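Below, chain A partners chain B and then partners chain C, in two separate complexes.
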Partner chain A sequence: MGENMGNQPRHSGATAAADLVHDGCGRRLSDGEFDRYSRQMIVPGMGKEGQLRLINSRLLIIGAGGLGCPAGQYIAGAGVGTIGIVDSDVVETSNLHRQVGHATARIGMKKVDSLITHLRGLNPLPTYIPHPFHITSSNAADIISQYDLVMDCTDNPATRYLISDICVLLCKPLVSAASVQKSGQLIVLNCPPAPQGLVDGKYPPCYRCCFRKPPPAGSMISCGEAGIMGPVVGMMGVAQAGEAIKILASALHVPSQDSLERNLLQPTLLIYTYDLESAVGPYSFRALKMGGRKKNCFACGENSTLTLSGIKAGSPNYEQFCSVPTSSCKLPPEERITAAAYHEARERGEIPEHILIDTREKEHFSFGSIEGAVNVPFGKFLMRAAVLKRDGGSGSDILPTKPANVDAPIFVVCRRGLDSQEAVEKLKELGVDNGGRRKVIDIMGGMKAWKEEVDPTFPFI
Partner chain B sequence: MTPKPPKGHCNILYFASAGSYTSKNVEALPAPLPLSKLFGLLEERYHGIRAGVLDHSLVTINLTYVDVPGAGEEGAEEIVIQEGDEVAIIPPVSSG
Partner chain C sequence: MTNSLEAPTIPITVDFSGGLEMLFDNQRRYAVSLPATDANGKPANISFLIDHLCRTLMKDPRADLFVLDRHIRPGILVLINDADWELEGEEAYEIQPRDNILFVSTLHGG
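Then we have the complex of A and B:
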């Protein structure tokens, strides 16, 4: 408006303010909006136009957890006009160290309702739409089609592939973040959106262009199992909100030739690592230059057969795609024992001298263990096994103790009973079973089973 | 800060599950090293890492994405990791 100002008498007070932000399409910012968004509107590049675009935008947050909470706060604060939130979970105490949109008083409430309560407190102006259920192959397209931009704040690979595929097919930009333990990732996908199959030129990548194959099911650790530092996931969620606001305010979500040309910008994967052990260089950001759309991509590539109707009918099967078994460990029954049976045999004095190896991480071990257990974290165990195998050392060097009786049996326990089976196989491969004279036995179901079958007070995390 | 690799070496950075698998954040490997030989070399050092981590990870050299040729597959033009390069192994992270 600045260029017209010289020709017009100056108003004063609120009226002038409202005039200042008069929109060409007839929309004015209300006084309330003007006050609320003034500090971001005066940032170069944002302005009245950017603000109005935010107000007229519809944004979907999938997942109201560690990413969705911090992201939602800034999305609501910035005044995105319609904010949808998908989540089927309820608030639990163990969420609260990182899921800052919930509260102690709302434990047990649906996460979507809890987060909307919080966001309304921050900013009552946007329209909030709860979707209190899981996103699935059958409902994903119907939900996503109602929005301009999607934020993936979910916690599992199958859903990540599903959301990305739907976004490709519906031409929606996707701001995807993920975080576990001490690291996080952020990438803007399919932005500006380009139709599926368009590959002759520079087009933005989808999730599958970056991560073609899901990791083996067993290797994918969740926050519940591996842990997560609040500030790490919070940082990723906030950065995710920043990207979403930028896209909506500058209309990069609108699939036009113009916005496609502007995407000659480099797709970037932001990686954040937070090193708890190192006093020097305690954190690091890396911005990695990613490639564009892949010609042979299953979802967005030139010969893609992916369709909305196919997905709705269950093809591809995302659960199956993401649950490739890690290893086909099949120990015979005589090499396994239940936690209860092991406990009873011990109580009866049937296994006097033996080695009990606990392969959990040392943090888990530190909260409690079975009496006499020696901690050898699984990662370290695998590495030692690989070195012994390569250098041909004595297999028994991998054992944490050397009992007088070289045939004293070995029991292995882990957290939930998978790593211990692999450890038993490895020990046999290394010849620790002394040609079968020594028993190497897996305690089935790990410390989880120990808590359920033997000691209900055991502090299992 | 990552230490500079010694002469005749490159740095390999291990992120997320790659770091848990190797119990390292970074290590130096002899360079030059053809990119197509990288996964085989790591598998020798960390048995099982190929199927468990590498096959679904993305790889960057000096902060730029590279396509890793599959086993026995000859890339059109072979990328060679040079002395002093920083190679990153980045598995997908899913949680949130």
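Then we have the complex of A and C:
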């Protein structure tokens, strides 16, 4: 249990920050700092003391994407003294509409290096620490232990549960945000931090207290599939920075009975939604009241068995908990064809009459498709399949066209090759394969493979 | 026995967010007249509301994106007048006139 308590040796930087808080102000601001931070220091509640706390704080941003970029700008601008950034990706063109800390000239560069370049241009005073790799069960505690506060700017549930668990065990506050398509969410967790197992009285919740179980893997949509509006995710990232600055400047990140007593506030989940079809709204911010720490929480509750050494050894298994979909395919090889082989067979006239179903969303389809393809968006497809299953009726009603030859083969293509496999299975379930007389075939790797293997000019998004 | 036309109802609003509106004809807010009691004459609670929404409002047949084993599926928060339903008694909370019930799917992208 001892390793999980907040009384473990803190990193030297953090100790210095904590001492400073108690000393009042440990040092003078330099002229450069005085100039640079004057406009925020004169805000009531911030002052020189708050500014010095920021300067002596160490903050970790996990994810240098749509949340991490806008968050990083305000964190650096405000003068947080040490800023660590974790990300293993490189900058891509399709990131730039929202990931405003990168640049066209830095496409292909590691995101951590690109963002640090940008932040250093904005404010050269902080120390920037790149961590250019994925955060995993084996490295998370080593990285997070070097910081006072963590911002979760990641994009998948398995990493979110991992980060929260480590923050509970290391007594670090966590500012967590997420955003997809036209919605965003933000919540401050484990702040002020309280040791694992303390449940009497009012203690702050962790991620698991609020979101006990992840959604089923199939129900989640990513920014790549569903799209994402820049200002929506940007708004959440900026709000995240605001919360982090507030916590550090007020020393709420320092575990102490004093800060717990000072901050017995209602944990709040902020949600933001907006609508593209309407010029003046309805858009909405809603502040939702959440519960405090749960007695039976798997991570911070009273009988929790979660430990740092357990996590490092692979327990719990976060991937399994969130059942991250694997790319293993259940279809037999004769029901699959590569994009290149499909193209060649067509060119040679070997498959004259057939149906080609493209299951991408209509926005994706509108940018380009294989000649002759008919668009049946996957969501609509599943919906029709479910209706047919419920109400009965001919399975072939789901097909967009009715060729004269009822056994004309069907090919299914999607964006990256996963939905098409499921669509093939569903078509067979509905009996569209006419007991095996008609072939229903998955085009492997989707339009991404089509671009790579057949048509490099294809506008894949 | 009263017939359904005469049965008292409770006026409430129901909101869907975080992508759940997709299952309800892409409409984010509904004014609902909820029967005041369930089939057994018990006051309408959140369980009953969820069942009622599935039977009357859901346009999408993929009910498993909303309910699993007759409970709300993991990854969906239920807010009663902007407070987490865990603060109000969860499924057993008895619906009051003019309540606002929000169903929001948790997001993970970034």
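Observations on the structure shown:
In this section, the second predicted complex is superposed on the first by the 373 of 461 C-alpha atoms of A that agree within 3 Å, B and C clash if a C-alpha of one lies under 4 Å from a C-alpha of the other, contacts with A are read in each partner's own complex, and residues count from 1 in each chain.
What we mean here is this: a residue touches a chain if its C-beta (ideal position, glycine included) is under 8 Å from a C-beta of that chain, and two chains touch if they have at least 3 such contacts.
Treat the numbers as computed from the prediction; the structure is a model and nothing was measured.
Contacts of A:179 after superposition on the shared chain: both chain B and chain C are touched.
Contact with neither chain B nor chain C is seen for A:346 once the two complexes are overlaid on the shared chain. After overlaying the two complexes on the shared chain, residue contacts for A:293 are found with neither chain B nor chain C. In the superposition on chain A, the residues of chain A touched by chain B in one structure and by chain C in the other are 63, 65-68, 153-157, 160, 177-181, 183-185, 210-216, 219-223, 226, 228, 233, 269, 271, 273, 275, 286-291, 379, 382-383, 386, 390. Residues of chain A touching chain C in their complex: 63, 65-68, 153-157, 160, 177-181, 183-185, 210-216, 219-223, 226, 228, 233, 269, 271, 273, 275, 282, 286-291, 379, 382-383, 386-387, 390. On the chain A side of its complex with chain B, the touching residues are 63, 65-68, 152-157, 160, 177-181, 183-185, 210-216, 219-223, 226, 228, 233, 236-237, 269, 271, 273, 275, 280-281, 284, 286-291, 326, 379-380, 382-383, 385-386, 389-390.
Residues 17-19, 22, 28, 60-62, 65, 68, 73-77, 79, 82-84, 86-87, 102, 104-110 of chain C are the ones that touch chain A when the two sit in their complex. Interface of chain B with chain A (complex): residues 1, 15-17, 20-23, 25, 44-48, 51-53, 55-56, 58, 60, 63-65, 67, 88, 90-96.
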